[in-house]
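There are two complexes below, and they share chain A, which is joined by chain B in the first and by chain C in the second.
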Partner chain A sequence: MSVAAARPAAEGVTLEIDGTELTVPRGATILDACRSMGVDTPTLCYLENLTPVNVCRVCVVELEGSRVLVPACSRACEPGMKIRTDSERVRLSRRLVLEFLASSVDVSLASEMQRSMIRYQAQPERFGSAAAPHAAGERDRATPGHHHAPNGERHQTVEQPVKVDNELYVRDYSKCILCYKCVEACGSDAQNTFAIAVAGRGFDARISTEYAVPLPDSACVYCGNCIGVCPTGALMFKSERDMRDEGTWDESRQTKADTICGYCGVGCTLTVHAQDGEIVKVSSPMDHSVTRGHLCVKGRFGWQFVGRRDREEV
Partner chain B sequence: MDLHYTAAAPTAQERAAVDQLLGPPTSGWEGGARRPIDGHTAPDAREARGRRHLLLPALHAVSARVGWVSEGALNYICRRLTVPPADAYGVLSFYALLSATPRPPTIVHVCDDIACMVSGAQALCADLERTVGPAGSPVGDGSALWLRSPCLGLCERAPAALQTVAGEQPRSEPIAPASSADLRAALAGVATPAYTPYQLPQHGSSDLRLLRRIGRVDPTSIDAYLTAGGYAALRRAFELGPAGVIAEVSQSKLLGRGGAAFATGRKWEAVANQPEQPHHLVCNADESEPGTFKDRVLMEEDPFALLEAMTIAAFAGGCEYGYLYVRGEYPRATRRLSGAIEQARARGFLGQNILQSGLRFDVELRSGAGAYICGEETALFNSIEGFRGEPRNKPPFPVQKGLFGKPTVVNNVETLLNVLDIIVSGGANFAAIGTPASTGTKLFCLSGHVVIPGLYEVPFGVTLRQLIESAGGVAGSKRLQAVLMGGAAGAFVTADELDTPLTFEDMRAVKATLGSGVVLLLDDTVNLEALLLRIAAFFRDESCGQCVPCRVGTARQEESLRRLAAGRPLGSLPQERALLTEMGQAMRDASICGLGQTASAAIESAMTKLNAFTRTAT
Partner chain C sequence: MWGSNARETHPIFFHHVLKGVRAGARLYVVDPRRTGTAQWADRWLGLNVGTDVALANAMAHEILKSGLENREFIDRATSGFEEYRACVEQYTPERAQELTGVPAALIREAAHSYATSERAMICWTLGITEHHNGVDNVLSLINLALLTGHVGRYGCGLNPLRGQNNVQGGGDMGAIPDRLPGFQHVADDAARAKFESAWGTRVPNIPGWRLNEMFDAMGRGELRTLYVVGENPVASEADRSHAEHALSALDHIVVQDLFLTDTAKMAHVVLPAAAGWCETEGTVTSSERRVQRVRKIVDPPGEARDDIEIICDVARRLGHDFGRPTAEHLWDELRALSPMHAGMSYRRLEELGGLQWPCYDESHPGEPFLHARLWETPVRGPRAPFHPVEDDAPVDLVNDEYPLTLSTGRRLDSFNTGVQSGGYTSPLRRGETIDVSPEDAVRYGLRDGEDARVESRRGAVVVPIRIDPTLRAGNAFMTFHFDAPSNVLTIEANDPKSGTAEFKASAVRIQPLTHSLAAAGG
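Right, the complex of A and B next:
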């Protein structure tokens, strides 16, 4: 930012946001511009270290002259743009996006989204009562084309049994908002493993391995990078999930300490989360120059072999 | 890329189907027999990765041979093309004509979409349910099943169906109009009844421009096309040069006929001026808007004209490669065009140095696989490239970054066909037809309660009433309830608005659209709410699922309409209608592409203009 600020204004892009003129570096997105002037903009599918997929649409803003709203997270600033971030249209779309998601997905652990829901007075209960959960595998088998017509009495959700098919992490797709972050982290944005992708179409779209095979049969290398980016707790360390199920997970009792991973010479920074003196999970800072928040199986899960409450089971 | 595969192996048949398309594998990396040397040399990864665009053709190949795509077959395709299996599964599970679970070889797709619905499709489906069993479950000896289908583009012969038979000699044939007996015979594997060649209602009229060769010039012979004056436009284009061609097209004020009405000349010029090379040309022949069949008729009955027009567009835009993306439900158009491409190549109208002009251009035909969204131009690019047919965010626009990230001209079939006359007779003459803002002639697809359904060509500015009268007037009860213009993404015109001229601007003034040229007549016996429910279901089925407003909005919209149709709104009737309106606004404002943006259009139009959904349960 300091480098950009030192450049002459002609190098930047001047635009107007909510009536205030500002100049941002070339290539900056509307979201960057909003953040630089302290305009709080909700995001769900955006993450600094991933390519924007602009699919959630919670960040939309009104651009003068544009027929539709535009996603702040991916739209580059252009000279002379006039943007409104809090118009009636913006508020309505943001609220509906939040209501659509919260009425179809369990967002109880999506803390950022919870804050946005309060801000936009989202009322997901407006859609009435929810339909019964799907049986295990039912959503995985959904085919594109004609769907079974709903009766409308109860609204559809993605609720389904949690997938526990390995020792390291669980996938609870009842909590999946389909933000594509895990797919990007597993693919070309970080891991280059491509174990998971979006399958199916429309409301039946879902994150899946090929033919929905269990993770141990897939290409997954348990780097945990998908867990690191998941904003809703749909992907979770099994250790954390187990503690949550036992009722012993308590973030207020947790400490975080940074250390350098000793498994190889790359030098990744590990953030070790401990509760009551025992390691409960490992993450990596997103702004770290080496990891960009991503790790490998050794850094991510190696602690399970050095000191953990149930190590005798591992 | 070091990819991981599950243990599942392909059958000999599946392997043969893939090898027939891709040629035999050359090394163990590609799934062939491992040679000792394969452990030491990696294949040219760039070359293999560059073949991802063959993914959909490979899935088609397996599907046509065995009826579905098994895990083993997918693994084999992925090895051959270096595509991660999870990614390929994402593609496979995107298309309605493909299946990742075992399926009998014979499938009968029965259209129950809007035009067929008006012409008895519901009774036809009910009859099948009673006589052979529910849609989706194997029939008789298990060698066939039937499925409900969105519009098959055969609306002028509604009710329509399509039979596909997988095997050594795969077959695919339309059955239209279809009787219950025809469909049962098709399920029993009996060949479908003969498909009668298209009868043009305006046959013989001297006013026809786009349709003038249809029914008069043999569409299977390039010589017949040449005798009828074919390729005169291309020769003239070579005289004009690329800039001259663009000048004529700009002067003609031709607007795109694919739905968005964008100026064709501007599009071509933008691509021609892009320094980045190569440039691509894509002909959008995915025609899937319910009620639309114009491009099908043009492709089946005048395929050489489309190839000539594509060649001119490529010449103007400086495009080296041309892709013709035809929807998978159009087997006859696909066969005609394949035959035409072969003849054009053989006679030097495609390939290196066309007509000694120095122009190098060839056309590759690609088949869709059952996804309306792939008609959206950027979804179409992704589909050709071997990715899920998810639209891209714009900007960048196709003229900047289109197919394979390169500057791309993408045009609809009808748009391109207009170019032939523009080049031969001049842009100014073309602009003199129609109205100042809507120039030339327009094709309209008349279906539903009309005396002579079919494809009509009229100059812009003719009124809707005149068009309907030229088609013999209203059929059925003869009392018109409304006309659906533009298809599922369109809007209604009431009986009071029939004198509206058919132009882009006049339709906008009555809050309707010409869209893709759908004119679906509904008499007063049609259950409008049932029709709207079908439209809502269509969008729920066809949403790609990428963005929240459309993925969830189309599902919620359908639920809401179900409640309204049952007369049991959530809260009160005004509350439910307000909810629907808010959902519509969010879909229109915040969706990525035109599908979500128009998914509520017809419903809102019916609510405001036709008082749809105003009752509660009594």
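Right, the complex of A and C next:
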């Protein structure tokens, strides 16, 4: 399970990025190539442990001879490609993606995205004030083909009440940028439970359980792998959300270290996040050969007994 | 997957299985229940509880009859083949169908698929081992791997999926009655001399007692004092009343644990311990023999202390100064005494994220699989023996009085006696139930959600009924995670070689409690 079979050394592919020639292994993506030469490329829907779904378009680059910009995260390098990662066209495209998302979604906890917005001078506020928030469940009921076009005075929003229907997760879809990562992690990339999918079309598209039922009535098995991959804080452990609401969540006071899960014999690496001597969260490293960043409900939540022990007399 | 519901009990391992399935691997699941694991299978072999040997032998019969055995491997690396052939000769797929309930055609298909695959692996869990003939069950699977040469090569082999995070490490460290650390036998004079010289004390050359033998010794009054570290036998032993009786007769019980468990409540002294995985430094060894580091991230609460400190202080009070070793000191001592761990320095474990034993020196990369020696020319070491084994029905007789076979096991969100997993609120958790098939629900007048009295020849519990369409008629299922003590029902029918009890086969009857009016009509 852990040690890969020895593979023959892959042939190289030589291409040019921003005027610099480089050779990468066959099968490497443009994103891999950019990262290998230190070219900072923003991503939203891409993650090392998931299959790219090419929905966010923020990683696009200009490829000589190509009519459209190409997504760096999933386009494989080909010999002789000439790529520009910082042209005016690339910068404009990335800026618009970031502005459209940030104008309609609460991206206050999307730290990577915030950095990209500064870099590309994204100004979502230039679209004016937001339309009124949606009532609970309103967006869940939107039917394809029945979307009312906005009047242009106010920009659209996905703002809606947070969904709290169980003790482990909250789903705050005001923060969802529809990157699909949660769907992939719940589906064929890891958990294969398929409790959630994308429902609706266009601006009505949203992440949903079947028939938008509450999580406890869905197929969800609470592995938390959707939360593990969420880049915006839309999906969050309820314990973290509660601490944030109380104002006690403080990452500057948190330490983290890797250990091994205390339950079954698989040996999953847990990254334990502690604040003031108490465990507050568990994640797993994406590059670990056993977990690939994914855990089960016991690994993800089973630590809570540690802080709940009664003192016993010797 | 044989007798393993890895989808629920080893979920992250099963992620890897699913990757294989999606890449075209064929998955056969052998289990009396149509588990979450079986639901991903190409074929589900839903056998009668305790008929695993008959099924494995019939697969071997079919492989031999079709000439699909790996003759080259059998000749070069095994012994006892003719006796094995004679044994499986009697297990035709038709006879096995009678015994196991699995259609003969399906047995044939599984046999052909296993034998003709370039690489094939058998993984099992407690569905194989928690039987009075658990060792025979394991041997029957080993025989299949030897017959087809599916062992000692990358992507092949026999994998018992370990149920607890360091049960492998416990055995590796010598927590087996006849072994010293690194599986060195206590009767091996040279090995013992090495430990005696390092420890400055005499090491007995006779094996200790297994858990079931300890309980027998308590019954005879030979074992008077028990020191229990991180185990909850009151709740986890088969035939709970018997276990409680034996423990209550002891002169002195010391329990070292995180919680005041059911066992700790019986103790004369309770030593509160730190949680190994997050409050202490050390290592654990996973199911794939991978030694990995655990780290202290938070302080233990109150007076709870690291097991190492507790044991050294107990030793000091008994007049032995072990000093104040760190986990790494102790690990380095182990490395000096156990050749298969010698190359695993803390530095390498940190750098590589763990190493799989054997790892003989600091340049050794560890072994991703074992028994490659069987493919060397000439074969290094002894030949791998076939062990002919025969079908042997469960001990607890199913009859008109006790018509159902109860198996116990785990659910996804809980763990063992619930000492740890009870600490979080799971939306999936529904407490203990007696799970029955829809057919048996009709037959015995059982309604979903109503309380029932479940009785075996040893005891009774009252729990709600749950109708579970994944169960076959005749089978019932309970966990052992909750307060409702399912182990008052189970039978202490132990395998004579492993000492493991037959948790998978207790004969029970189920009587509904809340609608006895139905009977009044008749």
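Everything below uses one rule, namely that the second predicted complex is superposed on the first by the 296 of 314 C-alpha atoms of A that agree within 3 Å, B and C clash if a C-alpha of one lies under 4 Å from a C-alpha of the other, contacts with A are read in each partner's own complex, and residues count from 1 in each chain.
Note that in this section a residue touches a chain if its C-beta (ideal position, glycine included) is under 8 Å from a C-beta of that chain, and two chains touch if they have at least 3 such contacts.
Just so it is clear, the structure is predicted and the values come from calculations on it, not from any experiment.
Asks: Based on the superposed arrangement, let me know which partner A:L92 touches: chain B (first), chain C (second), both, or neither?
Replies: After superposing on A, A:L92 lies in contact with chain B but is clear of chain C.
Asks: Could you tell me if A:R35 is touching chain B, chain C, both of them or neither one (first, second, both, neither)?
Replies: neither
Asks: A:T259 contacts which: chain B (first), chain C (second), both, neither?
Replies: In the superposition, A:T259 contacts chain C only.
Asks: Look at A:N192 in the shared chain and tell me whether it touches chain B only, chain C only, both, or neither; answer first, second, both or neither.
Replies: both
Asks: Contact-wise, after the overlay, does A:R126 reach chain B, chain C, both or neither (first, second, both, neither)?
Replies: The first partner, chain B, only.
Asks: Based on the superposed arrangement, let me know which partner A:R84 touches: chain B (first), chain C (second), both, or neither?
Replies: A:R84 sits against neither chain B nor chain C.
Asks: Answer with first, second, both or neither: which of chain B and chain C does A:C296 touch in the superposed model?
Replies: Touch status of A:C296: second partner only.
Asks: Quick check for you: in the superposed arrangement, does A:R244 touch first (chain B), second (chain C), both or neither?
Replies: Neither partner.
Asks: Can you list the residues of chain A that touch chain B in one structure and chain C in the other?
Replies: In chain A, residues 192 are touched by chain B and also by chain C.
Asks: Residue numbers of chain B touching chain A in their complex, please.
Replies: Its residues touching chain A are 1, 3-4, 6, 71, 74, 84-90, 93-96, 99-101, 135, 147-150, 370-371, 388, 393, 537, 540-549, 551-556, 558-563, 566, 568, 570, 579, 582-583, 585-586, 588-592, 597.
Asks: So in the complex, the part of chain A that touches chain C is made up of which residues?
Replies: 1-3, 5, 166-168, 188, 190-192, 215-216, 220-223, 255-270, 272, 274, 277-279, 288-292, 294-299, 301-314
Asks: Spell out the part of chain C that touches chain A in their complex, as residue ranges.
Replies: 9-13, 15-16, 18, 22, 40, 154, 161-168, 258-260, 264, 269-272, 275-279, 284-288, 290, 292-295, 297-299, 301-304, 353-354, 356, 365-366, 368, 412-415, 419-428
Asks: Quick one: in the complex, what on chain A touches chain B?
Replies: 54-58, 60, 68-69, 71, 74, 89, 92-93, 96-97, 100-101, 103-104, 126-128, 141, 143-147, 149-153, 155-156, 177-178, 187, 192-205, 208-211, 213, 217-219
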